[in-house]
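Below is the structure I would like to discuss, written out as structure tokens.
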Amino acid sequence: MIRLRYFASLRERLGVDEESLALPPGVADVATLRSALRERGGAWAEALAETRPVLCAVNQAMARPGDAVADGDEVAFFPPVTGG
Amino acid sequence: MIRLRYFASLRERLGVDEESLALPPGVADVATLRSALRERGGAWAEALAETRPVLCAVNQAMARPGDAVADGDEVAFFPPVTGG
Amino acid sequence: MDEVRVQQEPFDAAAEIAALRAGNPRIGAVVSFLGLMRDLNEGEPVATMTLEHYPGMTERSLEAIVAEARARWDLEGVRVVHRVGTLRPEEPIVLVAVASRHRGEAFRACEFVIDWLKTRAPFWKKETTATGDRWVAHRAADAEAEARWGIDPRP
Amino acid sequence: MDEVRVQQEPFDAAAEIAALRAGNPRIGAVVSFLGLMRDLNEGEPVATMTLEHYPGMTERSLEAIVAEARARWDLEGVRVVHRVGTLRPEEPIVLVAVASRHRGEAFRACEFVIDWLKTRAPFWKKETTATGDRWVAHRAADAEAEARWGIDPRP
């Protein structure tokens, strides 16, 4: 199982702030996880489209598309940050 | 007459903080004034030696050696500044 | 000493700076950045702003930014306090205060911390305007400001 | 609003910054530099420091520096407060606070003002150490810091 979290405009678009998920088959990194979520269609396909600037954190550290995702991880998706 | 002022280490070396002076003959700018004061000899020759980093202000604005000095001016000599 | 904090309540910048430099007579310079809520963004009046964050990751990312500043410059202390929740115009959003022996290091490190914070710390602003709520868009200028500092080894 | 001041008494940095930004919701950034007396200079412990200045010219030169900063950057306010007289370690010597809409201008202008002040404002420091009094020497680093900003039309 992985824990998924969504923040800010992405959370609003998807209508969910967090969920637990069995690691889908073929998912080994951030890019394949994002792609698997896109396949849910609708808001998911739109909000996580490759052209959208979506950031990802794995275990609360910024991650790149090629970074590994494994069972037990906390993975978050969110828009570019705007604090400060 | 011009009003002369001295500050910080220069004031201490010369033992005077201000004086009034009739503009000496031949003095028309900062460089010739400094040279005329050097001719007093002793501490004056030493403290105002050309090799010393002495700054000058004419009428309370930083001045260069070629800047004019005229009757009625306030002229100050002092070491490089160290505030802040 | 170093400290990073995320809080709902307003902070007291003077008290933060006093704590930063207390009992350290080696400090010759404190440079601080105070980020304030403006009443106008992209030409439209803004009534209130709500700051969302990612609890846990926020603190970790601020600590990582401070550690990076420490590695780059010789500093005596760094303090970052960032508010979340609802704010009004003129209210402080963030304080970054850096103490060092000489001023150059404090200026560099303070600007570095806020530049990295603006692109790496998980905060998001939502504005309430007369025409409704809107999420604030990431400024291209912030990405450029971050890029000036070069790349760190982490992603 | 802009203000420059030279005074014997300690100043309240928080009150100065509050006055700088009071009632101006356009301000998004305040960058401030606080210069503090260190207990050690060039390896020797310093007990007290006495600051001398050139009354009249000091205020004029600070005003000229602020005017130059105003001409170079789009600012909402600048405040400079400098102490004279006798100070002890950890005491604030000078505050430079700059307010602007966005942070880049405030960082640039704040550092510019303190860099110019360090080479152009008529203040002199005398330190009291265990081995006697000594005038502080001008730092070459300060001349270099000033030179980065380029030459102004005045001498």
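So that you can tell them apart, the chains are marked A, B, C and D in the order they are listed, and the count of residues begins at 1 in each.
Please note the rule applied: a residue touches a chain if its C-beta (ideal position, glycine included) is under 8 Å from a C-beta of that chain, and two chains touch if they have at least 3 such contacts.
This is a predicted model, so every value here is computed, not measured.
Chains that touch both subunit A and subunit D: C. Separation between the centroids of subunit B and subunit C, computed from CA atoms only, is 48 Å.
Computed from the mean C-alpha positions, the centre of subunit B lies at a distance of 26 Å from the centre of subunit D.
Across the assembly, subunit C contributes 35, 114 as residues in contact with two or more other chains. You'll find the chains touch as A-C, B-D, C-D. Only residues 12-14, 17, 21, 24-40, 89-90, 101-104, 106-107, 110-111, 114, 141, 145 of subunit D touch subunit C when the two sit together in their complex. Within the complex, the subunit C residues that touch subunit A are 35, 51-54, 56-57, 60-61, 64, 82, 93-94, 114, 117-126, 135-139, 154-155.
Across the complex, subunit A meets subunit C through its residues 5, 7-9, 53, 57, 60-64, 67, 76, 78-84.
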